[in-house]
């Protein structure tokens, strides 16, 4: 359903992604783990065309083309079919929590206003923020902003949702709730690609784990395999370090 | 050394902090845990006078006054003696990673430039970012920005450092390293107040854990006591939820 | 061909007057910017009285046409000095009056430019500065100002170019800058060759404004890496 | 030439310590008042004032070149004692300023019209009758009042429009193109632009004609407080005109003796 | 020196007819140049090939040359040119249209720079978020970016507007009778220019203040989502005060 081949990206001569290939099937829940600065955010951003890739090919939603040759229509198609939860939230500053969610529904999905509000309220409820619906982002705590960002993406119900560390600002209690929401989504067949530091999610919810380091995919496979029987040295080290800290 | 009594804060009629009293001794490492939106960030911001309190008293670094009666000099004294790691990093956009750290040293602490750079480089090394020292914040990944923020605060070596979720954007591997840095600091006698979702830190490093919810301190005490034998219902629930997610 | 010769000839006549234009403009830009900075700071201050005073000043000055401003300064100031300080400043070089009038005129819009630029910088930048122990002023000077500067620049250039062109004002009290010189050349030609004269004048100004634009884009370019704007 | 002089004038004039008189002149009224290549005041009005200065040893004139507006406001406020800029007399102005009894010059005023329409528009009455369009006049210009005055006393009226000072060669072109029918101007201007061989609008020489309407007396403008000085002026100017010096200067600056125009009615 | 107050009253009465003219010029110029200014700013920000140089050229030319020179071209030369094409009718065009053209051209140049600076104060993430909820860049721009940019643009648009209000008096060169023109014409008979200018000043004060209030209200409206710097923090960010003021008592 979504295939990436040989994706490359560099910043000012610095190679960040050195040829990444991923194949995402419908209903997949893929966790991407890896050290800070290894290019996880960059990967999501190039796939969703927010950042221009230096090479590679994408096949998705009828588009099948080199990244560098995508035309406006194809870019639009890709963007229309994905959702994105940003690492730094990127809520619309001039919209309230509720409006942040309805905005895309009304403008892009052409849902009627009151219907959009219903959907948005339900999404806010799922992340436990009904009472903050009329707050502007500047009036929300970090965790609250992050949850609005999640609600915004899931309310749109796109083909694939990309999550960039969706629970980083949440306390463990809420992490549980948000993960539950994501589990529900997974069960209802939503395809998800999740950059996460939450190993419990990677292990329990996702059906594939990708370990990235230094611009390469070092290893990928079923969570059980990766966590219990990693074949690469680098993965092993990463996992031992993690275990030391839980 | 730092005493807060009856700290109150409300936003537009909404009571966020409903009378918080904390006593921090020299060398203390205090973890503040609690659900999202419970006022943890607000607490740190009011203590450090970034936000105006609606009531309460502070005793710190020779200042002993009601929050609302602090004069300019007292506010300056407080600010000069604290460090702060912001939840959303707040790096100086127009300064490189290195300059972000030297800035305070040179301007506020009047350290000589090359000496400041040495200190800064050492701080960057501790958080593993020597190779990114000349990057601007906009060129750093989330986790890298967060680490610069931490390095900036510890390089100043203030009386007390307030950390607002200092490891939220870090992968478990790095969390371990940063926690080690903080442990070192703790061992060398730096006083720290840490808002964290990282229960391992709360349990292993800090000598006191404060559990906040709904604007109150629900419970505080030694980590072992809080984690193994919480006396309040609310704390118990929070901890059980956490355990379910690790 | 004749026209080009004429224009070059007029250029030669106009260029000596560029001295006055530059002296007057540069002094008013420097002084006006400082005054504007002070005003902007006052408008952002806590004191209601100061804020109100600065607000009234800005409103009145921004609403005052240049010609009225120069008359107020040229006729009003000597009266005030005579009445209050018993000093006679009637004999001052008329250029001083022009500089004062332009400084005052320039300060008001510039204060607004600076205020809006200052407010466009995220609050967290100031907070971070305070938390590494810098004073508000140090933070302002070292962190906020460099960032606000880039935001303010295009607007600042707008105002500077407008100021440069305020030749009508200098001429009103007989100080001969380039615009005045052009008018006098036209007059001394019995109103003839106005086209060629103004063409020469426009050329000079255009070159100046091109130079300003160039400097502007250099500064902006050097800053591009540091900010994440909607620009690609 | 930027500065004005330091010394302010005291009230009494005496021979040994001449009283300083500031004469403001507009710098854009060639050839009546302007600044020459040496950056000195020049022009008919200024030259006459220099003659008067010679006649009055108790005064010492200082010349300040400035804008039309500043001449008027400066003289009114007393910053300058006297101002010259081709000023015509009106009763209203006499309420604000002190006009001397004696005029000091004559302005040759006329219409620039298309040669072929000379008979249709070449005069105030003709223009009014044939509903000709007059190029708008700058209101601070004396000519504006002349037409306004005509309109007050006569019918049909001339359609009088006002506009800020604009470019003469454009006005000439407008008339030749038919955008307007007449342009109120002074003779030297027409001569310099159209009749002179390398004039700015020499190409219009065949199409345009200058029709003299008549001569208008021009005055220096005194500050209300300068009665004594004005009286001294009145005596001096009489001598200068009678001696033929004024006619001589008129020849020099205007190419003809404008004083003769006063013998004809203004039409 | 005393002021002729009777005359001032008279000027005030007649000059009021110029108020609609001034307002017309300002409104027309603003309404046309605001959207074009935004468009030009975008062309420059996104470096649209070909157009970007053109816009840069336009801005530097129009902004850099004296308005008088522009008036010469638009008011004097253009109708003559038109005359050759459509004949005499070219001369019966109401000169206020030329004023519209000149001042619109000028405002476009100024506002292009205003918006260029203002739009760049908005974080890139806002656009990205819009794209990621499926909005078109255009939609994101109007609904998210522009409203945020306006906060920083409005004070500068106000500057430009007030400048325009005052400069519209140059339209008198084109025989358009705005406030200043009428007052000057009145003063022509008795040379009471000082009084006339004072009356004009009062009118400009009133008009400009009205405009300022409107812009202030807009600014407040668009910045309602921001955490106000005052009141809620109670802190003084006055950068020159080393001493912090006392906190507000509630």
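When the chains are written out, they are named A, B, C, D and E in that same order, and each has its own residue count from 1.
One rule holds for everything that comes next: contacts are C-beta pairs under 8 Å (C-beta built on N, C-alpha and C of every residue); 3 or more make two chains touch, one makes a residue touch a chain.
Keep in mind that what you see is a predicted model, and the values were worked out from it rather than measured.
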Checklist line | Each chain counted as touching chain C and chain D at once | finding: E
Notebook entry, point to check: Higher C-beta contact count, C-E or B-C?
Noted result: C-E
Next item on the list: Could you work out which chain's C-alpha centre is the most distant one from the centre of chain B?
Entry: D
Note to self: Quick check for the class: compute each chain's Cα centroid; which one is farthest from the centroid of chain C?
What the structure shows: A
Checklist line | Whole-Å gap between the CA centroids of chain A and chain B | finding: 28
Item checked: Length of the line joining the C-alpha centres of chain A and chain C, rounded to whole Å -> 50
Next item on the list: Can you check how far apart chain A and chain E are, centre to centre, with Cα atoms defining each centre and the answer in Å?
Entry: 45
Notebook entry, point to check: Distance-wise, how many Å sit between the C-alpha centres of chain D and chain E, to the nearest whole number?
Noted result: 38
Item checked: Overlap residues in chain D, where contacts from two or more other chains coincide -> 69, 73, 77, 167, 170
Note to self: Going by the contact rule already set, what residues in chain C reach two or more other chains?
What the structure shows: 67, 71, 135, 194-195, 227-228
Checklist line | Of all residues in chain A, the ones touching two or more other chains | finding: 88, 139
Note to self: If we count contacts the way the header does, which residues on chain C are in touch with chain D in the complex?
What the structure shows: 20, 67, 71, 74-75, 88, 90-95, 171-176, 180, 183-184, 186-195
Notebook entry, point to check: Residues of chain D touching chain E in their complex?
Noted result: 69, 72-73, 76-78, 90, 92-93, 95-97, 136, 139-141, 144-145, 148, 161-167, 170, 173-174, 177-179, 221
Item checked: chain E - residues contacting chain A, complex -> 123, 125-126, 128-136, 139, 143-144, 147-148, 222, 225-227
Note to self: Considering only the defined contacts, which chain C positions touch chain E in the complex?
What the structure shows: 38, 41-42, 44-47, 59-60, 62-68, 71, 109, 112-113, 115-117, 119-120, 123, 126, 135-137, 139-141, 144, 151-155, 157-159, 161-162, 165, 167, 179, 194-195, 198-199, 201-202, 205-206, 208-210, 213, 227-232
Next item on the list: Using the touch rule from the top, collect the residues of chain A that touch chain B in their complex.
Entry: 11, 33-37, 41-42, 87-88, 132, 139-144, 147, 165, 168-176, 179, 197-200, 238, 241-242, 244-246
